[in-house]
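The chains carry the letters A, B, C, D, E, F, G and H, assigned in the order they are written, with residues numbered from 1 in each.
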Amino acid sequence: MDEKNFLENIKNGEISINDGIKYLKDFNYKEMNFAKLDFQRKSRRHFGEVIFGENKKIEHIIEIINSFIERKEDVLITRLSKKRAKKILKSIPSLNYDPLSQTGFIKFSKNEQIGNVAICTGGTADMKIAEEARITAEFFGCKTNKFYDVGVSGIHRVFSKMDEIKKANAIIAIAGMEGALPTVLAGLVDRPIIAVPTSVGYGASLKGISALLTMINSCAEGISVVNIDNGYGAAYNAAQINFLVEGKL
Amino acid sequence: MDEKNFLENIKNGEISINDGIKYLKDFNYKEMNFAKLDFQRKSRRHFGEVIFGENKKIEHIIEIINSFIERKEDVLITRLSKKRAKKILKSIPSLNYDPLSQTGFIKFSKNEQIGNVAICTGGTADMKIAEEARITAEFFGCKTNKFYDVGVSGIHRVFSKMDEIKKANAIIAIAGMEGALPTVLAGLVDRPIIAVPTSVGYGASLKGISALLTMINSCAEGISVVNIDNGYGAAYNAAQINFLVEGKL
Amino acid sequence: MDEKNFLENIKNGEISINDGIKYLKDFNYKEMNFAKLDFQRKSRRHFGEVIFGENKKIEHIIEIINSFIERKEDVLITRLSKKRAKKILKSIPSLNYDPLSQTGFIKFSKNEQIGNVAICTGGTADMKIAEEARITAEFFGCKTNKFYDVGVSGIHRVFSKMDEIKKANAIIAIAGMEGALPTVLAGLVDRPIIAVPTSVGYGASLKGISALLTMINSCAEGISVVNIDNGYGAAYNAAQINFLVEGKL
Amino acid sequence: MDEKNFLENIKNGEISINDGIKYLKDFNYKEMNFAKLDFQRKSRRHFGEVIFGENKKIEHIIEIINSFIERKEDVLITRLSKKRAKKILKSIPSLNYDPLSQTGFIKFSKNEQIGNVAICTGGTADMKIAEEARITAEFFGCKTNKFYDVGVSGIHRVFSKMDEIKKANAIIAIAGMEGALPTVLAGLVDRPIIAVPTSVGYGASLKGISALLTMINSCAEGISVVNIDNGYGAAYNAAQINFLVEGKL
Amino acid sequence: MDEKNFLENIKNGEISINDGIKYLKDFNYKEMNFAKLDFQRKSRRHFGEVIFGENKKIEHIIEIINSFIERKEDVLITRLSKKRAKKILKSIPSLNYDPLSQTGFIKFSKNEQIGNVAICTGGTADMKIAEEARITAEFFGCKTNKFYDVGVSGIHRVFSKMDEIKKANAIIAIAGMEGALPTVLAGLVDRPIIAVPTSVGYGASLKGISALLTMINSCAEGISVVNIDNGYGAAYNAAQINFLVEGKL
Amino acid sequence: MDEKNFLENIKNGEISINDGIKYLKDFNYKEMNFAKLDFQRKSRRHFGEVIFGENKKIEHIIEIINSFIERKEDVLITRLSKKRAKKILKSIPSLNYDPLSQTGFIKFSKNEQIGNVAICTGGTADMKIAEEARITAEFFGCKTNKFYDVGVSGIHRVFSKMDEIKKANAIIAIAGMEGALPTVLAGLVDRPIIAVPTSVGYGASLKGISALLTMINSCAEGISVVNIDNGYGAAYNAAQINFLVEGKL
Amino acid sequence: MDEKNFLENIKNGEISINDGIKYLKDFNYKEMNFAKLDFQRKSRRHFGEVIFGENKKIEHIIEIINSFIERKEDVLITRLSKKRAKKILKSIPSLNYDPLSQTGFIKFSKNEQIGNVAICTGGTADMKIAEEARITAEFFGCKTNKFYDVGVSGIHRVFSKMDEIKKANAIIAIAGMEGALPTVLAGLVDRPIIAVPTSVGYGASLKGISALLTMINSCAEGISVVNIDNGYGAAYNAAQINFLVEGKL
Amino acid sequence: MDEKNFLENIKNGEISINDGIKYLKDFNYKEMNFAKLDFQRKSRRHFGEVIFGENKKIEHIIEIINSFIERKEDVLITRLSKKRAKKILKSIPSLNYDPLSQTGFIKFSKNEQIGNVAICTGGTADMKIAEEARITAEFFGCKTNKFYDVGVSGIHRVFSKMDEIKKANAIIAIAGMEGALPTVLAGLVDRPIIAVPTSVGYGASLKGISALLTMINSCAEGISVVNIDNGYGAAYNAAQINFLVEGKL
């Protein structure tokens, strides 16, 4: 019995008001049972589904991508290794795959990129994560600006770009090793900074845990943090803020 | 020698162009030496100084507050224990001190509260941190909405408030123990969520580290995280977003 | 508009089927808004509310207990320190408070205790947690059997009790230090064991983390684990199993 | 000397009562020395031996399986990699091997599957562990119900299945990343939940430690936890409860 | 039915051989049920009971000590705080209490001290633990030699005592902070070293975890490690070796 | 100038007493400079050099082994992978290499094996470490007894062997996962137990850290612990005790 | 027998050359036995003894200080709490005690302060540690320069002082929370930086572990790190470098 | 507009003093924008750029090296794996690559090596890191002295070299496993020691974290610590001290 049937039955008296009350306690859950995953999500959360490319069977990923293609809906896949992408590309050659950031996407919509999301990295070794963030933000429709390799050990580099960075609606600050970049940025700008610790480093960097702790403990305000190497998540946050500021959310 | 003297000396030739070039390499730093701490900061970062009330001598805190009072500038003090506040109140009775959130403030400006910052907590035990966030956000000029005790173990509580929560420019989600609240919220709204793990819990909660890890690893997008019990920091982030969205930053 | 109004409006055509469909998408959530906390919970989860006594203001706890007393409903409070209990007892002298386990309860119902929940401890130092478990299990209506101080360093102690332990529907095994008791028990019985690590120990016991790890890694099957010192949680689990087996859930 | 010999010797006086008393102190242990591993275990713990397929030599595993085949007894092997399974299948082609869950079994008995064990996962990436749990539970004779991909980021998914999940004797809840699924489930059902953290995730997921901590610290009652990726252990626990409830243990 | 009854019943035919076989499967466990805790332990493990003085109620400790006094048996209590000892001394003034090591004992036996156990400490701050070890070892009947404050930062101190240290049957090496003492000793002697990390230190000493890790990872052979601050456990190990070497175990 | 020259110069007056005193302050160190590594060590520590086979260049290992062969001295190499052993065997075919334990040795001496070292393991997966311990102990001249697969989940297995285990001078107890074996053993015997945690396990076993913590925190006395997977170190300790007890050290 | 006796005995033949050789193997160690602790140390390590004031009995500290006073030697005591200092001052009123840094000293020598050691802190909350460093460095004879509260969140503060900081022989950089100060400094100067993490912070600062990790992982070269809150150790290092550079070591 | 243009414009009045003041606030940052990376750095920090060879694309590394070659400037690359070096050598055969330390360099300058940097290792397994330190120190122009394999388990080895080690301006002490070497050295010399923990070890060595903790907690003064396996960073620190002492910085 779907929503329509239920309501018709109420109307024509086949279900009594009392029985209806009881029934309704659980209704919405069941009704959700028939919901199309994507439409619900888009209406609920603004951005469509994104596929986490790890730990999934390649056949499943192909199937999911194809169901998006059928509906002519945009789809983004993150953390997709080169080896796996290769196999997928054989059956879906229209996939735009970027080996550095390990992301792939197919786009039907023609959304213009709006707003301003700044993406800063401490070093060139963080570029892989920065590009995941950039591709994600642009996929969602944000205009982005790259400020790569502006790390703290040569602090003049970040200063020289400060005027441009200050114009962003949201700043993504990506750094490995000791992870001090977001702190230095936060001391200089008034925009929200989404900090991304990376697993770049060795020894006591603990695969990014040290950078994560640095960012979480920052003495400078205006920093919030996402998971290690989570360029995608940072871009999602930044896109939310960007669209809110631009009045599109 | 201040900026004006320097430029006059260049103009009248007392400093040669070549000497000037050399001199300029360090100029800005020195010039900053004379800068008034507060004005700089306010122009640079929008919000004025806030005093971290821990690990500081009471005499120092009193002196700092008084210097703000003299300038008729607003001042906020966080993490100020009842015992210490008592001593401060003896010499500064105009301090508005809230023992639950352990914050105090003095306000001269009459800023209206604008925008919409939602503050959600998992349980009543997280209220101390929530109130730190609320007082901070309101001090900075944000309108706030409280949704306390909407935790996940009785999930209908958060559902019943969802329509109101969805209207916020930014959502602060505060939870201790297993810290699942932000994840559930993020699955239902399209607004940026600033997650605050709290030290509420015992045993394997590791004084908030478990909740922090939960939030950082959330499978739901749109969450970024601040330090354990850092209601102040979350409010700062939320205020930035709130003012940006309202066109005031 | 409550459930009844809604359905009547559908019946008499004031709300069209189509509008009704749209409306129903959010219905259940809103409806939950008016729900009485306790009845919902009891019907949903079988056991009533239990108050976590830490991190709450004493006034709040008193208010909550009184609201239960008014309805003549049973109430249990856990982790209530002696000092705080003393203050509560002044205004609610009918509270049954046990200082060892730091629990208090008021009981109106006359439920008989049924089934069989065994509570085993490694040493006498774990008794505080064991008593929290026992009082909880009995509060919920379980018959309990105590096997205290049957730890592994004198392994014959646990053997001599094995015949009785084997009869339980569920076994709560409580141990600190190295936490080996559940493993030894699990090698000898076929009943589900709920393991409770305690913070008893020093040095590398890491306040119970070591015992927790021991239990989680047990080579013997049939063990599942709750938080450190969480006698209450273990009793809750055991009560669920006990009532299921006795056909009362 | 086995039990029979000993008792006959006592009877006919060849062993004196006094010598017998001394002898008996260690009797049971020595007698166990000759015990057939499997029978003992089955009578003691209800379920037969299961082989942990890691860290063992392939030749040993083959030998063990064959000894089960000879006795026409069922045998289950867990954590058996594809590569190793391949080699074993060469000499034991009757092994039912499932590469996704990395389990294999041989079954002689024709036990019907009884009761109701629900298996829920947060995402498709947790399916490997879920299938280990399902195959184990079914191997032991449980009826199972799968609720895969009902994770918290799209919370309606779990709601739509709630009516069915509520009917289970025991619920296995499997989730990686932030591991919030068991908490949400526990807020909605009154059945015991065995939570399985998985190593799905990256960065601060710490290979499942984060999900483990989330589950151990859950604010919702009725959850107990097994080791990371331990689908087998969860199924074992669930089977115990399932058989107890069904009156078969 | 005790062992004697059982065997007599077998002899006179009241219990059949077949019933006896069945019965014997659990016999030893039940028989242990009647065992006197202390005699069993002493015969099984050579050293009598020692009372862990923490986490126990004072009344329980007093009761236990008195039961030892009644039997005229020696008793040792460890980790007994000054405050608690004071209360106990009121009812048991014969207790020999040492406030530095927080141990107490009552001795009836007149065992001579034999063998040679060396006790070395890195610094005077480790003396509390060293004295716990010394009093324990002497309580058990070991001759001891103290080498306090022979730490590694002034390495000549340990060298000057080496000839004497080399004569020990077992060496207890106690150190906090970086915990290097056992490593240096192990490079110079051929006797087994029981290393005791202490919680002396601050910051990254992690309350003794750092010293524990140092000792566990030692590149020098002949070191085994006990828990942080576990002078008692080290003395127990050393006493075992000492008595074995002296032919008394 | 070696020791002899120095003393002759003192005797014949070429070095004055005063110069000699000054000179002696550093003498021993310099003199050690010329010391033959192996003789010193053997006289100082009883057992000869053992080569740690990891992290060393294969050419270095070959060179070291050959220098032992030239002197006709026994040599043991531990943690030598199969791949590396293969290369070494090409140039030193006389090396006795055991692939399971990854040890190799060459023996010229004909030492009889004396005393009694018991080697117990929790499961067959710990055999690799057990064999490293056995080969080491026998290389040093100890008689050994193997008690493999006597783990705690089937506790009767260890009981049935207890009489034999009790005869050992020292017991090596090896276990992974939850590591409870040494605790159970220590409750039953009066011999020193050297506990070896192994990296067998998964998830929260943390590659052996959990087992290590279990063993360090054991509530049963008589246990001391060596590094994870350090069968060699345990054997070294056991050999020291064994020889001391047998009067050979 | 002291050195002189020994050499005279060699000269007059009472000890043969051969016996002398044997004897010399251990000579230096024994000789060290009679060494005066302080002179040895001063000649060996340049700086005299400093007393670690924690974990020692007050009577011991008084005794040690008095032995220094008798010899008219300078003495420094670190980590001496106010409460303990009070008691010591009663019997040694000449002690110069500083309650902020919790250090005390008595100075007889009149060493001029030479060189240049810069002491920088991130915030005023780090002042306690900074003052420990300053008093230590000055006690050892270093000229110091204070740059307090030049933390990274207001980065202009450190820039304005850079010219002065650059002149130091060694820089001590003290910071809590995220600990980014040394990284920023190291990017701007060419002097060795000794970084001191402090326990200032809360939540994920883990009592200084986070700051320690930040400093150890710094992407900027020229930083080495001491223990959390170890202002004394940093000053010791800085003093060594300072004196070396000034040609006094 | 560069510095020269700006100052000429001030002089000739094209920019007013007031505009100049405003302009200067950001001047230095922008000016830095045009700065040549290498010259700036060299003048600011004395040592030129060093390339971190990990996590960078090979093409990028080649490009960077070539830009150094064009300017005839020295360049050092660290952490460059053999496999990657091979590819680089194809296009830049003049690269001096050392496979043991995984470093490569090209040198145009003919700097003499001055001063004295001692490099000590605990074992031969630490040689990889020691050689990274040696090559770095020599690349920067330091004279070095190697003291390899002077670890603590054979402590005479380090004593025999002490006279030479004492002459160094700075000592690099490299050790894995328990990491005790720097502590022993610091007890014997008065020179600053830069301690390098290495990842040599297994089990509880935690890939170098244990050695790092040992060194950070050392009870001996004069030790500061760099990251695990960071031979390069230690050499950088040592070179700074060395040049300062030699009057070249």
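One rule holds in what follows: a contact is a pair of C-beta atoms (placed from the backbone, for glycine too) under 8 Å apart; a residue touches a chain by one contact, two chains touch by 3 or more.
Keep in mind the model is a prediction, meaning the values are calculated, not measured.
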### Message
Starting from the defined contact criterion, work out which chains touch chain B and chain C both, please.
### Response
A, D
### Query
Of the pairs given as C-E, E-F or G-H, which one copies B-C, with over half of its contacts the same by residue number?
C-E
### Task
Between chain A and chain E, tell me the centre distance in angstrom, where each centre is the average of that chain's C-alpha atoms.
57
### Task
Report, in whole Å, the distance between the mean C-alpha point of chain C and the mean C-alpha point of chain F.
49
### Task
Go ahead and note the Å separation of the Cα centroids belonging to chain D and chain E.
39
### Query
In chain H, what residues contact two or more other chains?
26, 28-29, 123, 154, 187-188, 203-205, 209, 212, 216-217, 221, 227
### Query
Pairs of chains that touch, anyone?
A-B, A-C, A-D, A-G, A-H, B-C, B-D, B-G, B-H, C-D, C-E, C-F, D-E, D-F, E-F, E-G, E-H, F-G, F-H, G-H
### Complex contact set, residues of chain C against chain E
123-125, 154, 156-157, 159-163, 200, 202-205
### Task
Enumerate the contact residues on chain F facing chain H in the complex.
26, 28-33, 35, 37, 40-41, 52, 54-56, 60, 79, 197, 199, 207-209, 212, 227-230
### Query
Any idea which chain G residues touch chain A in the complex?
122-123, 151-155, 177-180, 183-184, 186-188, 201, 203-206, 209-211, 213-221
### Task
Note which residues of chain H are touching chain B in the complex, please.
3-4, 6-8, 10-11, 13, 17, 20-21, 24-29, 31
### Task
Mind listing the chain G positions that touch chain H in their complex?
44-47, 50, 169, 187-192, 194-195, 212, 216-217, 221-227, 232-234, 236-237, 240-241, 244-245, 249
